[in-house]
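In the two complexes below, subunit A is the common chain; its partner is subunit B in one and subunit C in the other.
What follows is the complex of A and B.
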């Protein structure tokens, strides 16, 4: 305690010297108050002291501040004061401790500069590397300038990831010494922790977009901060275009675009030459090494490089970038084994190996922040940790202590092909910007080294300059629907930073038209408007909305939730056979959708019996985490359905039509994802209209080869697969989606002749019925 | 992988890219876009946007990627013709045929053995080499850190000159081709211990090993052309600092280039003439291919030596012989084994191919048999159909 007081004093006087002379005095007061608070016997004094003024007049230091005309000194003084200007309560001890570290952040030195620019411009581009403190500090600087309690207009700060929005909000609440959910809150897809008192709100970019659907002018907000804009997520790109428009209409709205990389020029040009403020990060130089020759096997080379670093480089943690879960787990295993041998054979230091990827459970993700292991004996070789990660460790996560980065030059990236309508995650070379970003990770704590497992000429010739933004790599059906709902009429000239390929846009419009979300003039229909209320893909939303017609909306709700979470089936390498046997317990002969439903029902039944669900899931090779998140999603979707008056009905289970209804209801949304078997005895299917040859993914429970199937996704690996498949009857297609299965629009081929035969059959049957 | 590779059969449909759809101008999507004023071939987005200068082809058509389902490293090509090793066994023989002296042959053999040893060590423990790519300071890549810049470049430069004089003295015969490419090679290696003292000792010693290896190899083979090609390959992968300091030597490089080009062209024309006369002389010679090829080599050797002794006055016959012999070796296509000398791994990749497969064992046995044959002079003569 005494130590921290001393250091606080010292740092405050140092600052005082450079700023104004009055500062040290106020600071000392703060320290005194703190000391008083620390002493439990003086606590009553302290309480009287601060409660007194706060209760009757609340002489807030904010009173003297004028909105959009504040200075850094004023704000600093307000922050240093005994009472919290936002709550009127005295500051806690922890507050001052955090305040000290906050003042050491690189952005803090440029607070005045920031405010000057903020006052003079409507749109500001802010560049600061990760670790500069921009995500936590800039919104607070804005808070002290915007004074939202006077105007009632909130400050929003968007984040690309839910976890980031939650954790940053918590951190900022601590820094401001307020309770999370009151003055500072967050809002993410299925969770809202804000209240009437909220002044500063962290949210995902998608969430702000959803809000904008009902509030085209974003009139609730006085300032909107787009953080991590360099990641160029789909939602951030749309928001930028939208805010650019809104800024024209609402001159009082301030916008800050924050990026971690120096491609800010593009942002500046895009926002009509907005001013730029750059804060240097605290980075150390990183030495870059290339291999002299290309690598034959990058995983092998990566493992060897890690081992070589461990054997021959001084202390420091290692970060290895690989592409996917399986590759990462495999590499982790190999590294651990080799290191164990190294320790046995020679005197190597200990090494902890941690995997890191998106679908890893949070508590395991947390492990990457553990300290590196201690040396085996005093004075022995130092221990280190090695983190094997996907590209989430590239920008989003900051891990301290990393000195060595191993970069094979690949990552898994989403790619969408509008011609075949396939969206898939494929391993492809990273961009130069991405490679630099990865290398930069090595220089966080001290000068580091980056080992690139490719040649310098490969770096120059084979890598593209910038990673393509998500908008160029995704199916835009959902985006177009959102844009329509946002009131964007002219999709062609919508001012996006990176306009998507015309064919991608065409495909999106076409899909929405078939789903009856857009009418033939391109206007949003009632169904489309309703579908946009669901945070789901249009096909899933339409399926859900039309499910009451098939008397199975409860079941479709469950299936939809299960399809919007990662795979619930667990298939560990060492127990594949057992896992498959367990899955067979839930299997339904007609398809994977129904199998999913069975598993979910079993899960709920176990819950009702009061079983230990985690244990139950483990025994049945199901993912507890994904099942419970599906359960959560289901509850949210149910609420949306109820607010829009969509009935929740079920066919009685005893009714033989129970599963038939579900299969038919699937088609209401997925009639565009149907495949027909090429010929009898063949395992190859052909997708309807796009004529792609596919196989059914080996994970299916289907044993019989049905002629017609509906599928949930198209997977691209060495072969083209369709995954999560259910058997359907072709008659249903003609009945449920006659506009799509209009025979005139089909080209001559097996599918057309098969459909013609079926039409004939249906007509004959009807004629017979009529005759009777 | 060739014929032994696993078969990957995949049926591809009639229209895998679905051009049927993209050609259809009547689709709903296309109608909508046209109605809003889009013309085929145009970007979407605001008209005359200032940021349009950053648009790429990805804004015009969907991103195309190559489906990757293996762990081939970035920039590596599958089966680039260097998978088959074992030709280094012939180096000794070829060198002798080309008239190299016993000492150089011995040195070459030693270099190869060093290589084999380091290869073995690598396969056992898996060393991976890296070349410097400069420092990332903040957001920019610098070739050398500010403080160390001047001293480092100085030291490398001085190294280079020292080295070149050395080689000039020791290998006077190859004065044309030798000095230029060598310094850059040395520098790349020398720069390491100079710049970075924090490195562990074992690493250093490894570097030294490769260093000495390359030295031996360099003094052993006086192959101008080959070196040049190697150098150009290297310089691509080298850090800017090295190439910068190499500029001092670049003048000599270009000079030698010209000289060698001249000599080769002149020798070419002479060769054709000579060949004719020779054919007449030895008409009874066998017509076998191998024989022919060998003949040509010998011929070229002689011709070159003539050319050089003609133009360059001070050269002894033996020396020019050596130089020209190497010219022919490179002309006949550098063998993979030879090109791999600079990088200890014979495959041309930094990471050696994992060994231990049955195929490899069979192959090594085969190579061993061939090696046995090489030691037997009679067998060799039989193989190459030389009548002694």
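What follows is the complex of A and C.
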């Protein structure tokens, strides 16, 4: 990282130098040269010297601009000019087309106002509703003011979601008429598309946090923009607290906090009454409807509402909010079926139904922007599209044409209980703020309607005002490790906007202590420092770091990568049985982790044979997308392991201990996620120390009921499940994690007595061996 | 000073019950005894209570108020009379400037009689005069008196967190007090307790009533449970029916057994002549299910 900063600085000085040497020459050539420059027929003559990196030979409109003292007019002129001030190449036709639409965006009218405020304050809070253009425009406004090519200090703009960082970076690269990855780039976990020329960088908030671990002052950056701050993701919250501190030390660092909702006063007060600039969104009134009675089944009610709208409301697209993939696919199917019937029976118009959720492949996500279908015949009833989405569509996505919103009042929310150490995704009521945001989606193009599938009194009584920020709902083990690495000493008085509950913090500290990442005084250990280098959960990182001791670091690397991507198993509704049969092919009797590994090995073998991988995956009911991203993750993690000298070793596949080693290595990180079977015939397991009663998730390949298992995650629905489970032997626990399985500190119970019996057995066996 | 104790004897009933039953209250007191009793730094400690006295009634007045509510007027007068006779505390108003808020109606005459014997040192907490410090028993009695207890600031029970936890050690090392009921953060303004997860019945609409969940649960969630329930029904049904019959018989026995009701209703004579009770009794009998 330090290297790239250096090269960047060097290149900018080179550029400066070349300008000085070349300018007098153009003067010598006099008027002719100037004319030649302006003459479009002679444009090819300029081509040569605008190609290289030192290309600022032309009179750049930026030359007249003074950093932190520019005006909107100057910037507009620079944007209007024939040559691209950032690359020196002439602007393309597409550029001007986009420029025209950019000038129509609501933020565009307040460019001067923004600059004035930006000049006068170090920290600025910016509020603009979705669709105001803030995410794409504000960073560019800053770019024309910061002039980062002069200082070598980049502009960073953070996004909570990877997809957003990628797509917005692409869009802005188009708008600036530059190649993505050069002047404008992005950086997300496991993928970095920036180069030495990069001036503006979109990145996930988590990524900026990781960078800060090695650069406590964020000295690479001249301006940091935190976008979508209203979402209050864990990383954004931590960044805000860090930047608040850094701003004290680095007076030259500018910070912009951007939010889509009007509760920005909270941000203002937090940042010592920073000035606030608000851009009104383009919104029309939205009429809101409630149900008279609570609904028994909100999915059914939602489907009915959509059909009702289709039957009786004038033209306009529908946006339905549901909670998860399964529910959305189910609703899509039901709506399509019903609409077909409506078309047959009552001559209804056509309707295209599109799902939208995070794990959907990008090209399918793109389909939501398709136009609504045409009516069947001229003058027939209008067609419309219906988008069934999770709360991604709430703020971060702008879909034009939506006139009707159906809101059942739920979303899936993560919640962490430090007392049982269970982090789960639960369907929970949304907040009032969320409900208003959802309703607002209906008024983007013309006055709209929002149908809420609950009563008005439920809205008033059951919904909380604001969604709880993620930091209050998460396991903080990873965060605490990062903060420690960031040099935060006092976690108690760390100035967070919403500090987490003390118990949550205590749990995180203890987990890290058990993983030997923190010592008993809460100081970072060598292992902890190494673990923080991996963009992984501490347990996974520790497992990976200690895997060479079990002679299987190659395998653990694969398993870690597979656990870091979404489920690789595909189980379509219409072919569940066949999918399960296919999965059985890869099944390992000892557990799901090993089955994952088998599937990955089969995938790599198919790759070696040169098969069509997409086809192969389809046939075997595996997700090509997730397997290849696991492959990518693996390569990245491998690089990190190599730079830190962690050996990559394997035993021969024929070795009797091959799988045993892997199972033991799992415990090195996951010894805190172990469950013991309650009794001989029971299907119920009890988690160690937390005493939660759980069942093994039905997706498991385990057929025999083993007494002891290690699990990857805890799933809380109406029942409690553990998912991705592997059989282990209790002796290993005592051997690999003796500090956690210290019987003196164990609470009395079945697990303690079972472990005591095992200790006895081990002792006796050793005594016998010793005797012989 | 034994006289002070005598005064309290009367209130013993009131003294003991709250102390015994409100465990946290007692525990809190046990934790910080010194802070309240230390009379050495009188000047500094009296300030807060005196300001508190203006907003909330001081010890004696609370007791009086309570008495006036519980006992009727004449009884109150009767009760206060012996109390004043034996008790120096109510004499305090005359000597103590801070206790002017205390209604001085009870026994002004007795007050003058006993002022001289009381070294008027007001308790910093309840602003009642303290017994002399050389008498620990009296001091203890004062400290456990209702008036004194009511004036103590409420001290919440100590946190239930396990004190041996490494996480707690770290937090305390950085100045977080688990018993102070504070959160984390720059001003320790954070939430004190983690958010609670609430599992919802699948697909149940927002605001739908909670009891409606039970039948749903039976349908989807616990199919085995409902099956089991049905099986048990088959076994138990006879037993339950028998029990039911027995209960009804007992009830009938109770109602009709001694024949008083029949006599009262006038069965026999009234069976023919008085129609109104007749059908009702028959109905009742049928209802009680023979």
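Heads up, the rule we're going with is that the second predicted complex is superposed on the first by the 715 of 772 C-alpha atoms of A that agree within 3 Å, B and C clash if a C-alpha of one lies under 4 Å from a C-alpha of the other, contacts with A are read in each partner's own complex, and residues count from 1 in each chain.
In this text, a contact is a pair of C-beta atoms (placed from the backbone, for glycine too) under 8 Å apart; a residue touches a chain by one contact, two chains touch by 3 or more.
Only a predicted model underlies this, so the values are computations on that prediction, with no experimental measurement involved.
Overlap between subunit B and subunit C is detected when the two structures are superposed via subunit A.
Contacts of A:610 after superposition on the shared chain: neither subunit B nor subunit C is touched. Shared-chain residue A:652: touches no atom of subunit B or subunit C. Touch counts on subunit A: comparing subunit C and subunit B, the chain ahead is B. Looking at the shared chain after the overlay, A:313 reaches subunit B, while subunit C stays out of its contact range.
Using the contact criterion defined above for the overlaid structures, shared-chain residue A:443 touches subunit B, although it does not reach subunit C.
Of the two partner chains, subunit B is the only one that A:286 touches; subunit C does not reach it.
After overlaying the two complexes on the shared chain, residue contacts for A:301 are found with subunit B and with subunit C alike. Among the options 181-189, 235-243 or 253-261, the segment of subunit C that ends up inside subunit B in the superposed model is 181-189.
Where the contact sets of subunit A with subunit B and with subunit C meet, they give residues 291, 294-301, 408-410, 415-419, 426-429, 453-455, 457-458, 461-462, 468, 472-473, 490-496, 498-510, 513, 520, 522, 716-719.
The touching residues of subunit B, counted against subunit A in their complex, run 8, 10-22, 27-30, 32-33, 35-38, 40, 42-47, 49-51, 53-55, 58-63, 65-69, 71-77, 126-139, 141-142, 145, 196, 198-200, 202-203, 234, 236-239, 343, 345, 347-351, 353-354. Of all residues in subunit C, only 161, 165-171, 173-176, 178, 183-186, 188-209, 212, 220-221 touch subunit A in the complex they form.
Within the complex formed with subunit B, the residues of subunit A that make contact are 261-262, 266, 269-270, 272-273, 280-281, 283, 285-301, 304-305, 307-308, 311-314, 408-410, 413, 415-420, 426-429, 436, 439-440, 443, 450-459, 461-462, 468, 472-473, 490-510, 513, 520, 522, 684, 686, 689-693, 716-719, 747. Those residues of subunit A that touch subunit C in the complex are listed here as 291, 294-301, 408-410, 415-419, 422, 424, 426-429, 453-455, 457-458, 461-463, 468, 472-473, 490-496, 498-510, 513, 520-522, 716-719.
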